[in-house]
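Same chain, two partners: chain A is paired with chain B first, then with chain C.
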Partner chain A sequence: MQIVTFASAGGVHGIPVLAVEEFFRPIPLTRVPLADKRIAGLLNQRGKSATVLNLRQCFHRPTGEPALHPKMILLETEDHLTPEARSMGVRSFADPVVLLVDRILDIVNIDRKDWQPRPAHITEQFVSGVVRHGDGYICLLELPTLIDDIFSPKA
Partner chain B sequence: MDQSLLQEFVLESTHSLEKVEQDLLALERTFDAAAINRMFRALHSIKGSSSYLGLHTIERLSHQAETLLDLLRQRLRELTPATVDVLLQCVDQLRQMLQLPDHGASVDINPTVTRLFEFIREPGVEAPTDEASDADFTLSEPLPAPVERATVDRSTVELERPLSNSSVAPAIPPGSGETPLGRTFILEHDNDQHDRNGGRLLVAATAPPVAMAPAVQSLSGSHGGFATAPAAQAAVRTEAIPHARNGSLTPAGGNGSPSAPPPAALSDSRGDDHPAEEKMMRVRVKFLDDLLQLTGNMVMARNQLLSKYNFADDPAFGTLSQCVTQVHKTIVQTRMQPIGTLFDRCERLTRDLARQLGKEVSLEVHGRELELDRSVLEAFSDPLTHLLRNALDHGLETPQERQAAGKTRVGHLKLAARQQGAEIILSLEDDGRGIDPDRIKHRAIERGLITADQAETLHRRALLDFIFRSGFSTRDEVTSLSGRGVGLDVVRTNLESLGGVVEVQSTVGKGSAFVARLPLTQALVSSSLISALIVKCEEERYAIPQTAVDEIIKVDPRSDRDRIRRLNGRMVYQLRDTVLPVVSLRSVLGGGDNTPEEEHVGERILVVIQFRQQLFGMLVDLIVGVDEIVVRPLPRMVKNCGIFSGHTVMGDGQIALILDSGGIVDREQLTFADDTLGTSLLHGEREHVEGDQRLVVFSYADTEHFAIPLEMVSLIERVELDDIRRVGAQEYVQVMQRTLPLLRLDRVMGVGGLPKLAESYVLVPARVSYPIAVLTGRRVAVVDAVEQFESRLSDGQGMLGTFMHDNKLVMLLDLYRLFERHSPDRFRLSPVEQRPAQILLAEDSPFFQNLIRSYLEHPPRRLTVVSDGEEALDLLREHPEDFDVLVSDIEMPRMDGFELVRQIRADAALRTLPVIAVTSLATPEHIERGLREGFDSYLIKIDKEQLVSTIDRYLERGARHRAAFTSARKGST
Partner chain C sequence: MSIVTQSPVAAPAHRNGDARFSIFSPVITVEHREFYEKIVSELNGVFPICTQGKCTAVEVSEDATEQEQITDLMKRVESFSGELLEVTKQLFDQFYQAKEHFCRMIHGTTAYVKINLMDRNLLERTCDVRWWALETAFSDCIDLTQKVHERLKRLVPIAGDSAGGKTLRKCLEKVPRWEIDAETNSQLQTCLTGLAKQLPESHRAEATTLASDIVLVLKKASFACDRLEDINNSYTLYRDIVIATKDGTIIANSNQQTRSQVLGLNIADENWFQKALATKDGTQYHAQDLTQSRLETDQSLVYSAAIRENSDNYGKVIGAMGVFFDFQGEAQMILDDHMARDTVNQNHVDDGWFSFLTNSVGTVIASSDAGIIEPGKMPHVSRKHRTPAAGELPMSYAVFEGRESAIFSARTDGYLDYPGLGWSSHLIVPKDQIFRTATVTTQLGISIDDLMQSRLVPEINKQTFAKVQDDKESIQLISLNGIVFASKLGKRGVALGPIFDQIKQTGEFTTSKMEDLLKEMAIGELQLNLQALENFSKQAIDLLDRNLFERAADIRWWSTDQFFWTALREPTAENFQKAAHRMEVINGSYTMYRNLVLANRNGEIVASAKSEDRNKLRSISVYDDPWFLSAMRTTKSSEFAVQDVQKSKLEPRKERSLIYSGGVRAGGERQGDPIGVVGILFDWDTEAKKILSTCLPKNRDGESIAGCAAFYTNSDYEIIDTTDEEHFPVGNKLALPAAHGALKAGQSASGLFVHQDKRYILGSSRTKGYREYAGLSWTAHVVRPI
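Take a look at the complex of A and B:
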C-alpha cells in the first residue's frame, strides 16, 4: 500500500495516500475558543469547511520545534473514498479534516507484512503500527482512532 | 430484481400506509365507509405489489389486514377501538418491514397475524360465507389442488398437533416464481372454540395468467384433516392478483366473473387517491442536501466577489446574483416541511397511549402549516413524544379522578406550533392535575439534590425546573411509560442540542404547559441566510444573529451614565430602569476577564442580547458590521464548546463562528429572576394574539421617533458626522468600505432636523438594488412592536402608519417611498423593477385586516389597508400607478366589494388591475356575481396558502398593469 510520509512532533508518520485529498500551504484559519487543544481551528477550502487538527498537539511528548512553514493535508471524506481505498481498509470521516504537519516527506510503498506492532512506550493509541524505512521507522497513524478520541475525550 | 421498482414500491407503500394510519385515526372519531374502502384498496395494492415483487411476508401480512378491512367494509365486523389497534399494529409492522434491507423477510409477523386473525374470525359469524363477500362460492373441498409452489406458514409448525404439511408441500414441485402473475391461496384454519391454536396455512403460488381477474373469492368449508379442535373450520380464500406494473396495481379489466368486485371501485382508487402526487417527484434527500450546500457555497462565493470587486453596477452580475439568491431560496424551500406531518404522528401516539392508560383524551392541534427544516422536525419528534407521554401519564388524570375533581371526563391536550419573533415555539398544554412545586421540593430534598435550606430560597420556577433533571421523577411507581425519570431530561437535552430550550408552567389542579423554544436559526435549513451582527474579539470575528441583538450601546468609562459598574464583582450596566448583567466576550471565549483598570480605558461596545426574552449585555472589542450570512452547522469536533451554534464563511473566505446566546448564558451562569420570566411569558402570549413585528426604532430630532421593520435593515453603523462628504447637492458616507448616498429624513419628509451631534448611526436597508444610507440619529433600538399599528394615518408620502411604544408615538417609515423621494431619477427609471409589489387591501374588520397582514408578512410585502370600498377607490384613483393587486372584502360599509370592482373595471386607468375577492360570502350566487362584476379571483376566507399563492400569481400581471400604465402616462406627457 502506498503511504504518504510526513514529519511532525519530531517523528516520521504515514497515512494511506488514498485517504488524502490534497496537500496545501497553510491558509488563514479561524481559532475555535474552548475547543480541544488538538484542534487548531477551522478553515474554508474551496467552499468546504474543514476542521484543522494540529498533529503535534496530539502527541503526548512531542520533540523538536514546530516548523516555521508547516503544511496542510486535507483528508478525503468518507463518502469520497474510492472503492479501491475501501477495499484496502482505508477509513476516513464524514466531515472534512485537515492535518497540520511540519513537512511532507515522501510517498512510499510498504508491505502489509512489514508492519510491526507499536512499541510499548509509544502510548498514542492512534499509532497503529510502525514500519522500517531506510534508517528509521515510520509510525502508521490510524486517524479515526484519534478523531474518535477528540469526539469523546477520555478524561 | 429491479431495484427502482422495489424502491418505488417502498416509497409508495410507505406513503399509502401513512394515509391508512390517518384514516384509521379518523375512523375512531366518525365512521366513514369511504375511508374503509380507501384503506382496503391501499392494503390490496400493497399486497398485490409485494406479491409481484416476491416480498412474501409483506404480502401475507397485508393480505390479512385486507381481509379484515374487507369484512369491515361489508359491515360484517364492527369497528372497535381494538380493531383499530390491531390494524394500526399491522400498519406499523408493515412500515417497519418496508424499511428493512430484506423488506421484512426475516421479521416474525406471526403475532400480528394471529391478532388480526382473532378479529377476522370473530365468533358468531361463520368465517366469510357466500353472502359475506361480494365474490364467493363455497368450497366444500379441502384445498385447491394444483399449485406449483408453496410457502408454508411458520405458525403451522407451532401447532400442537402438527398439521399434515406433508400432504400439501410435497405435492408442490419447487417451482419458480418468476412469472409476474401471482396467485395466492390462503387457507385460514378457523376455530370457533377460541382455541389459541387457530392454525393457518398460507400458500403462495404462481398461477396461469388465465386466473387473472381482480376477483376476491372466498372459499369456506370444513376440513377435517386439519382439525385441531372438533368444530374446526377452515376458510380458504383465494385471490388473483392482477399484473403489477411500476409497483402499483393496474386493474385487469374485462373479467366476466360475477364474483368480481365492481371494477369501478378499483379504477376509482387510481383516480382519487393520489391526485396531487402525480405531479410530484420523489428526490433523495441526500441530493437536496448536497444541492443546498452547494448553493450555500455559491451565495458565499458571490458575497466574497462582492466584497472584492465593485460589481454592484454591472447588470449581468446583478442578474447572476439574483439568480443565486433565488436558487438558494428555492432549494431551502424544498427542505422545509410543515410540522403537521409530525403532529399527525402525535395524534396516533395520543390515541394509543390514552387507550393503554385508560384515559380519555382529546387532542387539539394548532399551527400545522408552520414549516421547518425536515431534520429539525425529526429532531423534534423524540422530545415531543416524551412530552406527550408525560402529559398523558402524569399530567392528565383518569376519567374518574377528573370527574371527582369536577372536570370533564375527557382530558384536553393542546399542541401548538408557531413562530414568534425569531423563535419557533412549540407548546403542549394539558388541563390535568398540574405540577405541585411542594412535591418537587420534597422529592429534590429527599434525593439529596438540594438541602432544605436551599429549597426555601428557590423560586417556583427553579423548583419546576427539577423535573427536567435526569433521574428525577415524582412518581413513586414506575409505569411502562414514565416514572423512571427518563423522559423530560431527554426532552431538555434534545432541545438544547438543537439550540433550543424547554420550560414548564403549571398550576396545581388546572394543568401544565410545556413550551419549547427554538431559535429560528436552528429551525431553518442549514445553509439558509440570516442577518447577523459581526463583532470582533481578539482579532477573530464572530457572528451574532440579528434576531438575538436587542440594542447596541457605546459605553464610556469616562461618562457617568454610560459606564459599566461592578456589582459583587460582576459587571452590570444600568439600561434605563433595569440593571443589565454584563459579560465580556473575551472572557466568554476563555480569555481573561477585564481587569477593573481596563474598564477605565477607552470606549467599549456593549451588545444587548436577548435570550428567552431576557436581556444581557456583552462587551465586544469592535463591531464590524451587519451581514447576510449563510448558516452552516458546527463541525462535530468543535461542537462541545457549547457557545457556538454554527459557522459561516465571511466575504474574505475566512470562517467566522456564530455565537449562541443560550450557550453564553449557560457558560456565564446567568440566572434570571423568576418574576421577569413570568411577565415575559405573559408578554409572549399577548404577542401571539396580536402578532408581532420586530422594528428598528430611532429618534431623529429628539422628540420624533421612527421605525423600520428589522427585516428591511441590513446594517446599522455608527459614523462621524464629519466624515459625511458632499458632492454637489448629494451627501455620501462610507459604510463598510462602500460609499453610499446619504438620506436625511428632514429632507424628504416634514420632520425635524438632526440636532448637532458628533456622530450618528446610519442604517443601510436590505433588499434594495440601490442602497442608500439613512441617517438615524444617536439612539437606535430594536423593539418588538406588539401594540396596535394604526395604518389609517398613512400619508402615502413615506409614512406607513403610527403606533405607540413606551408611551411614545412612533412613525413607521416606508423606506422605498423615501428613497423615491430622495433620488427620483434612480427610482423612477423603471418603477416596475425598482419597487416591490404593493398590495391594497380593502377590509373593514380589524380582525381580518390583521390576519391578512400577518399572512403577507413573510416574506414582507407592502400592504396598504383601507377599510371600505370608497376609500379604496379614492386611493386607487389618486395613485393608480401605486398598486399591483387589490384584495377586497365583499361586505363593507359605504361601498361594497361588488360596487368597488365594477367601478374599477369601468375606470380606464384601473381596468387591468388584478382584483381578488376574499370573503365569507360563499354562496354560488355570490361567487357567480363576483366573477361577473369583474373579480379575477374569488377566495373564501381564509386560507393562507391559497391567498398568498393567488396574490403571488396576480402580482406579475399587476406589475404589467403598472408598467403599461406608467408607459402610457409617459407617452401622454
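Take a look at the complex of A and C:
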C-alpha cells in the first residue's frame, strides 16, 4: 500500500495515497469565528469549499515550531474514492477537508503486515497504528476518526 | 610625522558583463566542473522524461481533461528544470565572482599596504633629514673647516717652493685628510709651526694661529662624526649619514666601518648633493630615487638637505647632509611579510608566491626572490602591471614561472605631503590558492544554517538559496501530485509512476546539490572574511609598531641633546629656560607628542615643552614612576624605556598616557649613569584611533559595515584603545577564544567570538615589533558582527 508521509507537530505521519486528491502550497483562508481551535478556516479550491484542519492542533503535546512554509493536503471525498481504494479499506469523509501540515516528506510503499497497533503512550484516538520506516516510526492516521471527533464530538 | 589616511579600496567587482565565469574558464576547479556537469545532465534528462510523460498520458487515458492535466504537470516540470539550469549557472558565476572579489580585496590591499608601508617610512625620513641638517654641530664644523681651508690656500703661494711650502702642499693633498685624520693633522701642524718661523714676518702670526685652528677643525669634525653616530644609533634604518662641504668633500659620516674610505671623498657631481645645495630654505629637502653613489656598492636611496650658516633656516648654504636609507633591508622586511610560508621551513616563502617592487619605469628594485625576479631587470609581467596607473589596483591571471598565477599590483599614491617616487608593489599568488574549495566545516564553530542566515552571506546568495529551496518544493509537489494522480488511474497509471519518480529524484538531487554549493559558498565567504579580518588586525599592529619604533628612535636621539644635559649639569634658571625652549621647538615639529618633560635625578620635573603646565609640573615628583625609574637604570644612550599605557600624574586630565623615556648623560656620553631623564608623552589615543579607523572592514562596494570595531589590547588582554566605546570600551578585559589569547609574537588568528551575547567573527594579530623595537606585547583585534 502506498502511503504519503508528512511532518506535523514534531512527528512523522502517514495516510494512504489513494485518500489524497492534491498537494499544494497554502492559499488564503477564511477564518471561522468561534470554531474549534483545530479548524484553521475555510478555503476555496477549484470552486469547492473545504474545511482546513490544523493537524498540529489535533495533537495533545505538539513539539517543535510550526513550519515557516507549511503545506496543504486536499483529501478525496468519500464519493470520489476509486474502487481500488474502497477495496483496500481506505475511508474518507463526505465533505472536502484539507490538512495543514509542516512538510510533505515522501511517498512510501508499506506492507500491511508491518503495521503495529498504536503504542500506549500515544493517546490520540485517530492514530490507528504505527509502522517502522527507516530510522523512525510513521504514525498512521485514521482520518474519519479524526474528522468525526471534530465535526460531531461525543458529548 | 605620522598621520593616517584612508587607503584606497579595491574597486567593486563587476557585477555583470566582463566578469562572467564560463564553466570552461580555467579558474573553475575540477570538482566544480564535474559537479556542474552532473547537474546539467540530470536536468537535461528531465526534458525527454517529460516528453515521454506527455506521450504516456495519451496512451493511458482517453479522457481529454486527464491528458491535459498530465501534460500541464509535465510542462511545469520542464519550466522548473529550465529555471534551475539558469540558477546553477548564476550560482557558479556568483561563487567565482565573490571569490575573485575577495581575493582582489585581500591581495590587492596587501600589495597596496606594502608600498604604503614603504611610503609612510620614507615620509618619516624626509622629516629626519631636515631636522638633523639644522644641528649646530654640523654648521659649526663646515663653517670652520671652510674658513681654515681658505686661509691655508692663501698661505700656499706665500710659502712658495720652499721646503716648507712643498710639505704644506703635500700635507693638504694627503689622504686620509688632515680634517679627519689625527696623524696627517699633526704633520700639517708641524709643517705650519715650521713655516711660522720661515715665512715673512707679516704671515708668521697667521701660520701660528692656523696651526692651532687645524686642531680645532679636527675636533669639530670628530664631534660631527660623534653626533652622526648618535643619530644613527637612535635611527637604525640608515646605512650611513654624511656631511659634505660646499665643494662636495665629505668631512663627517656615521658609519665607523666605512669611515676611512668615505671621508675625503668628493661627491660634488652626485645628484643628491647638487639638489641639496639648490634647496631654497631649511624646510626643503631632496629625495633621490635609487641611484649609484660612490659611497656604497648597493644602489642607494638618499635623502638630502642643505646645511646652512649658523643652522639658520634661511641662512646661506654652506654644505649638505645626505642620509643613506637602508632601502634593501627595509624592502626585504616588507616584501617577506604577508606571504604564505612553507609548511616545513617557516623561513621560506611558499613556492609560487612572489612579492617585488618596481620603480617608475618598471624596473625591479627589490624582490622577495632575487633568483627569479632579478633586481635591475624588467619583471616578466604585462605592461599594465609593470607601471600601473595611479590609484588603480590591477589584477590579472597569467602563467608565471610555469604556474597559473594571479598578479596584483598597486602604485604608490604617496603619503600625506610625501609624493612618492612613482614606485609600484606587486604580489604574485598561485591561482589554486585563490579558488581553493573550502573543506573544513566542522571547526567553524557555527552551524551551517546559522551561517546561511548570518550577515556575512550576501543578500543575493540568500535570495538564491530561498529560490532553490522554493523550486525544490515546487518540483516535489508536482511529482507527488503526479504520483497521486497516477495511482488513481490504477493499472493504466503504472506507466506514469516511474516518470514522476524520476522527476522527483532529479529534483531532489539537483536542488540538494545546489544547496550544497550555496553552503560551500557561505563557508568560503566566512573563511575569506576571517582572512580579511586577520589581515586588517595585522595591518593595525604593524602600523602601530612602526609608529612606536619612531617614538623609540626620537627619545634616544633627544636624550643626547646638549641643552638637556647642560641644564642638568649646571642647573641655572637660564639653562632650564633654554632646555624648555628646546622642548618647545621639538614639540612644535613633532605634534604627535602631548608634552616633553625633563626630570633631574631626584625625579623633579625641571623643564617641559608646554609652558602653561610648567608650574604645576614643577611640584610633582616622578621618582616612583616606571618611566623615570627604568630610564634611570639604562646604561647606554642606545637604550630607552617605556611606560605602558596607564594613568599618569603628568597628565591628570587624561585617562591614559604612553610615555617613552631616555637617560640623559653628562656631555652627551654614550655610556654611563644618567644624570636625569627625558620623558615624551605620546598622543597615544589620537594616533591609535587614526590607525584603527583605517583597519575596519569594508563591504563589496567599499562602504563601512555597521557594528565592526577595531581595538588594541595590552599584554593582559585589557582594551587600551578602541573605535567602539560602547561595545568594546577601554579598560574592558576580554574573554578571548583560546587561540587568540595564546598568540606568539608576529602570529595571527581568526575565528568566532561571542561578546555580550552577540556573535562576531574576530581577527587578531600580536605585535612582532619592528627592527630593534620589540613592541609591548600588545595585540590588535578587528571584529565584525554576524
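Assume the second predicted complex is superposed on the first by the 153 of 155 C-alpha atoms of A that agree within 3 Å, B and C clash if a C-alpha of one lies under 4 Å from a C-alpha of the other, contacts with A are read in each partner's own complex, and residues count from 1 in each chain.
By our rule, contacts are C-beta pairs under 8 Å (C-beta built on N, C-alpha and C of every residue); 3 or more make two chains touch, one makes a residue touch a chain.
As the structure is a prediction and not an experimental result, all values here were calculated from the model.
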item: Room on chain A for both chain B and chain C (clash or fit); value: fit
item: Spatial angle chain C-chain A-chain B, Cα centroids [nearest 10 degrees]; value: 130
item: Contacts of A:95 with chain B and chain C, given as first, second, both or neither; value: first
item: Contacts of A:39 with chain B and chain C, given as first, second, both or neither; value: first
item: Dominant toucher of chain A (residue count), chain B or chain C; value: B
item: Touching partner for A:3 - first (chain B), second (chain C), both, neither; value: neither
item: Partner chain in contact with A:130 - chain B first, chain C second, else both or neither; value: neither
item: First (chain B), second (chain C), both or neither touched by A:30; value: first
item: Partner chain in contact with A:47 - chain B first, chain C second, else both or neither; value: first
item: Three-chain overlay, closest Cα atoms of chain B and chain C, distance in Å; value: 17
item: Chain B/chain C common contact set on chain A; value: none
item: Chain A partner contacts - residues on chain C that touch it in the complex; value: 473, 476-477, 480-481, 483-484, 487-488, 490
item: Interfacial residue positions of chain A with respect to chain C in the complex; value: 2, 4, 17-18, 20-25, 69, 71, 82, 84, 104, 107
item: In the complex, chain B residues that touch chain A; value: 294, 297, 300-301, 540, 589-591, 632, 635-638, 640-644, 647, 649, 653-657
item: Chain A residues touching chain B - in the complex, by the definition given at the top; value: 28-36, 39, 41-44, 47, 49-51, 94-95, 97, 147, 150-151
